[in-house]
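Each in structure tokens, the structures are laid out below.
You will see two complexes here that share subunit A, one where it goes with subunit B and one where it goes with subunit C.
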Partner chain A sequence: MITWNRAYRGAHLSLSQRRWLSKLTLERLATRPVQSYISTSNNPYLNLSLEHYLLQKSSPESTILLLYVNRPSIIIGRNQNPWLEVNLSLLSPAPRAATNSEPELAGSFLGAVDLVRRRSGGGTVFHDEGNVNWTVICSSKTFTRDKHAEMVTRALRSLGVERARVNERHDIVLDQGERGGDVVDGADMHVTPFTRQNAASRPLKVSGSAYKLTRQRALHHGTCLLSSPNLNVIPHYLHSPSKPFMSARGVESVSSPVGNILLENEEFMGAVQKQFAVMYSESRATELQEVGLEWLENETVGKGYDELNSLDWTYLQTPQFNVSNAADALASTDVQFTVRNGTITAGVLRSRNNSAFSQLGEDSVGTRLHEIAAWSTALPRMFTGVDRAECDKLATWLESVLPPSHKTAGHS
Partner chain B sequence: MATALSALRYAIRSRTINLHYTALLKSSQYRAFHVSRRVDVVKPFLLADIGEGITECQLIQWFVQPGARVEQFDKLCEVQSDKASVEITSPFDGVIKKLYYDPDDMAITGKPLVDIDIQSEISEEDEAKLAGGEGEASPADEGEAKMSSGQQEMEAQGGAEAGMAEAKEVKSDTPRLAARRPTSKSDHGTLATPAVRHLTKELDVNIGDVEGTGRDGRVLKEDVHRHVSLKSQKPETPEPSAKAPKTREDKRAPLTPVQSGMFKLMTRSLNIPHFLYTCAADVSALTALRKKLSGANKSTEQKLTHLPFIIKAVSLALQQHPLLNASLDTKDPKKPELVYKGAHNFGFGADTPHGLMVPVIRNVQDLSIVEIAVQLRELSEKARNNKLAPFDLRDATFTISNIGSVGGGVVAPVISEPQVAIVGIGRSKVVPAFDENEELVRKEELTLSWSADHRVVDGAECARCAERVRSMIEDPASMMVNMR
Partner chain C sequence: MSAAIAGSGGALAKVLQRPAQGLARCSHQQYLRLRAQRPAHARGLTAGTRALQKKYTEDHEWIDTSNPESAAIGISSYAAKALGDVVYVELPTIGTSVSKGDAIGAVESVKSASDIMTPVSGEILEVNSVLEDTPGTINKSPEGEGWLARIKVENVSELEGLMDEGAYKAFTEEVAEK
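For the complex of A and B:
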């Protein structure tokens, strides 16, 4: 696909051809009222860092568009729980769960998938090369939640996607079913000729939105499912086996049926750029600026990138939650953990058959959940005086519910 | 000579000062006309509304701790609500004294977020962000300002006089909240000739308080006199100069004119023993008819909702059940009388920015459905723009409350004296149902809730009328055969 090549361009160029982050570029950032960017990289950590940099450093009255495509990755919201939202066992290159319990995945497995926690709120999404991400940064004075979702819907409609509309949750959906009889206002982005109150089938979600609001600036970014080859696999990634066993605070994802729009990335990006220019630029056209790996030279971008990459940011920003196997009828020992800021703060083992009871050892308090390499070795260290067989049983259960992470830091 | 000279000097000086002053006011936004005070005391800073009607959000992380010095616009914390993560910044310089929430707690909008020891000058609007002052006065204020202009026209079902006096009271009681109100008092209120200024000094009136009716909002002599006469009516309120913003206390407010009217009327309704009768009508046929008619007529003027149809159906039914259109006269409690009204004057509830109003469509029995729709539209428009005349609000014999435009299924509407019945219409919803062949079909159901005065109306009579209305709505063609 054309996009693929474009995204990789930076890596293939020789040193003389590679783009350097120029002073001019940074000046433009601080002064131009309307700016339009496209990323040459498919690194999700970089793209999100660039987005954040643009949010922080652009001039307060400017309006910015950024478009990027990520390699396969799962992006969780600022305040979400990765154990609850994602099937972590599938992320690592050598998954154990996939082959045993879900044989259908074995053939279509995606290989390494990144896990990224973004800085805006909202739910969990799966990004791949068939999904284009769009970001609009504008002044918080003129910001509304629907404004740019409507802009993207206009772009879709201009490409012939007449089923697209913005729903009440500010997502973009495709209405299903037959064309209705009512005449519909073409300029209304919230209704299509196919919209009906009692639709036979739910509309398919093709874009989700999330926001980050600061004092002067508002960032609205969204996805757009154009032609993902992975739609049948995504539900497995986003369904965590630990759901029945966790009670958590924080924002939970609202799952919706999704579908592909079936457009080319380039087509879509062009249409969005055009709508953006029409909306904001007096000359109806804006100069498109490429951004990519070279921006890592900038200190702020580099720091943000390192933070997003770090396991601490990814795992330790999780709000407090409890894990318990009370819902597991087959277990013979109750286990319960309280995890705060991604570290275990309390834990207890209690036998269901007798009154045996063991509390988490003092030195284990503060163990980082994502640093546990294997429960079979970790569990006996945490709890003393527990029957070995019971421990092993629990360890197996914990391996599926709180899968150890096989990633090492700095894997960009 | 000397006095003339000093008068002239006075005139020149006051004029120059006047010009300078208004120039200052005009150059900056009028909101800059603020009273700044040093407040060396700890105040709670409230979590502002972050939009979308969100009442609470989760606290993700703090950027400050108790004891930290903050400057204006420093980040205090980050909160998260469904899709948005929001950075909250400090509006003042100061020292953080207390954090009200731990990370992961749900922070409530409008409640304190942090205690801050303010060490800067703070303006009026910042004051409002602290506890106690957050704008609850302003919608009432705007309401008053608008109400007092429409006051002369509106009777609002009795109680307007009292309401008017109250409105004026609240208005002149809040000179400090002048920044909020959209009137141009602060801007031009000080425009006046020296003669007028002299008059204000003589009568001991603050020219800033007087509303100018002259050109450009100039204060004229008549305005000053009028202000004085009004001032003598209401009791003297102490100038609230150094009013310390209260922390977490209740606020007393007089009822708005609309609320007063409603209060009086509904208190009288307490005497009426209500009974409720509900029935669900299948409006699928009605909806289909409406769609057909709207499809034929492209103009929005001709668009019909189900309300005109229901109104006409009720009127037709009332011809067979005139008791429900009667008026109960209890002037002599020992000899109550029923007055069977000839005209069908239907009041309908209109939700306006000022509250509930009940305009009346007269002689529904003589109107066609389209004419009823036109009347509905016109009266609603007038109600929204506060242009209803007392004539529009009087002499209702029956009331229809279309709360379904907002929502609701079964409702229990309250009868307005001296009427004896009222019907409330809920929101239609699609439900599964069985038809005559025991097949599962899709039906659109609308619930009509009838309340009647059990002192004169019995359940069966009300039920019969309700069922008649229902059958007419379910089969709109049957309405045609009864129409005059």
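For the complex of A and C:
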């Protein structure tokens, strides 16, 4: 039985004692052949940095499990576009007044939601206290994309979740509908008694996977929706108003209907830990080592944490994209930007009524999109000789499509 | 790249053909294949050829050794097949100095971000911008149009430790069997 609410262990030690303990313990732990960890922190930047540290520093043949739960946060894939995937204006801690179009948001105000770009591939996910994240790091020689998704599915089935299976995208889904007539192999994690070729209702996704592959090591991490209280508001966070106005390189998310499995976090974590031990530990029982904020004192963890937390990594890693209001029938002036490495490299305003146009000023080339505080002041600086009224209209449109920085919080 | 290869589950083992054990008892086709695996000078090719002379690493990268001042590098067909459909390529910055084995970029396929290592030390001179618009070129022509970058080889002796085409082919068969 794993107890969750332990006091922060390092608190009574002096800073220098903690540092010494930290360094020695980490290096020793990272050499063991089988390692299981649980994070005491709900800071997504820390948890992803712990993962990355373990990927970089653990011995090449070791196998590692890490379990963690994050506070409300949106995690985008390494090669994704935050403006395209996320409704950035919802991330700020300032309370939002409910509008007629979004009545669900009233009363279920989440407060500040972090925005994190992870180092693995794949799409965008929403993390909160009802979602448990699991990571397995192993040698590249023995890695397959399904191996540990199957392990987690075995854990779910051991808790009575017989509808769970691994699908062709390496996600874990719950088959819906009635039990079928055919006998099914209980050891096959890719089919359940409820699986049908042309099912009346689509299976519900409960876990998504992503991977990071280096020379010798493979990291597979995934979510598991157990009891998120936010299922009805998550679609608002993950739907961006700028989608019709952007064409982007990079990776787009694949949307799926999701559902809660309805298990307790501890129950699930215990079952995953047990399946991991069955697969990898000779003694069939390994203790879950606690890790947390105190590991930030390790130089490598600290460096990774700073990088993940930086606005540069979050925004400037964005693959090239174009923004244009061509699809907006009501506009009287066309605006078009090219954004490369998160900075504006080209832009033009063109009247729809006459031949007037204005190119982005030289001084403005290289403006970091995420640093623009207000379009009403930025736009006239970027383009000269443009009618003030037209500028204001465009600025209003840009405020909703590329929300300025004061509206988007999202970093601790 | 090795992690991505292992991840394909060994299916490629069945695809790769094994050469005959001895020349005496093989078909004409097998004889031709064996002959092609012998080193270039034994096959009578002249030294002045401008054809790509590829050498390979154990991480499934290749480098064209015909011009070390500006050598093209990329990933092998074997690697490209194992990766699956490439949806995004992260290329290095021109002018960067790299050491052998450094990660110089990454490729995304099937939700996986896979590091690409440079086979040699040197300076990045050029990157293949075609891959920015059409990352799938890596799958269509990984050892041709899907080249990743050109590098100025700092230390030509590093090239000697790499595998030629025949040795690499044998290596991939060994890997597939594991």
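One rule holds for everything that comes next: the second predicted complex is superposed on the first by the 370 of 412 C-alpha atoms of A that agree within 3 Å, B and C clash if a C-alpha of one lies under 4 Å from a C-alpha of the other, contacts with A are read in each partner's own complex, and residues count from 1 in each chain.
As a working rule, contacts are C-beta pairs under 8 Å (C-beta built on N, C-alpha and C of every residue); 3 or more make two chains touch, one makes a residue touch a chain.
Being a predicted model, the structure only gives us computed values, none of them experimental.
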item: When subunit B and subunit C are modelled together on subunit A, clash or fit; value: clash
item: First, second, both or neither for A:G122, with subunit B first and subunit C second; value: both
item: Which superposed partner A:D182 touches (first subunit B, second subunit C, both, neither); value: first
item: Which superposed partner A:R163 touches (first subunit B, second subunit C, both, neither); value: neither
item: Subunit B versus subunit C as contact partner of A:K205, first or second or both or neither; value: neither
item: Which of subunit B and subunit C A:R71 touches, first, second, both or neither; value: neither
item: Subunit B versus subunit C as contact partner of A:T142, first or second or both or neither; value: second
item: First (subunit B), second (subunit C), both or neither touched by A:L213; value: both
item: Subunit C collision site on subunit B, chosen from 6-14, 24-32, 150-158 or 168-176, when both complexes are overlaid on chain A; value: 168-176
item: Residues on subunit A lying within both footprints (that of subunit B and that of subunit C); value: 77-79, 119-123, 145, 169-170, 209-215, 249-251, 319-320
item: Subunit B - residues contacting subunit A, complex; value: 50-52, 58, 60, 73, 78, 80-87, 89, 103-104, 291, 295, 298, 430, 442
item: Subunit C partner contacts - residues on subunit A that touch it in the complex; value: 77-79, 119-123, 140-145, 169-170, 209-218, 249-251, 319-320
item: Contact footprint of subunit B on subunit A as seen in their complex; value: 77-79, 119-123, 145, 169-170, 181-183, 197-198, 209-215, 249-251, 317, 319-320
item: Subunit C to subunit A touching residues, read off their complex; value: 1-7, 9, 59, 87-88, 90, 101, 103, 106, 108-115, 117, 132-133, 178
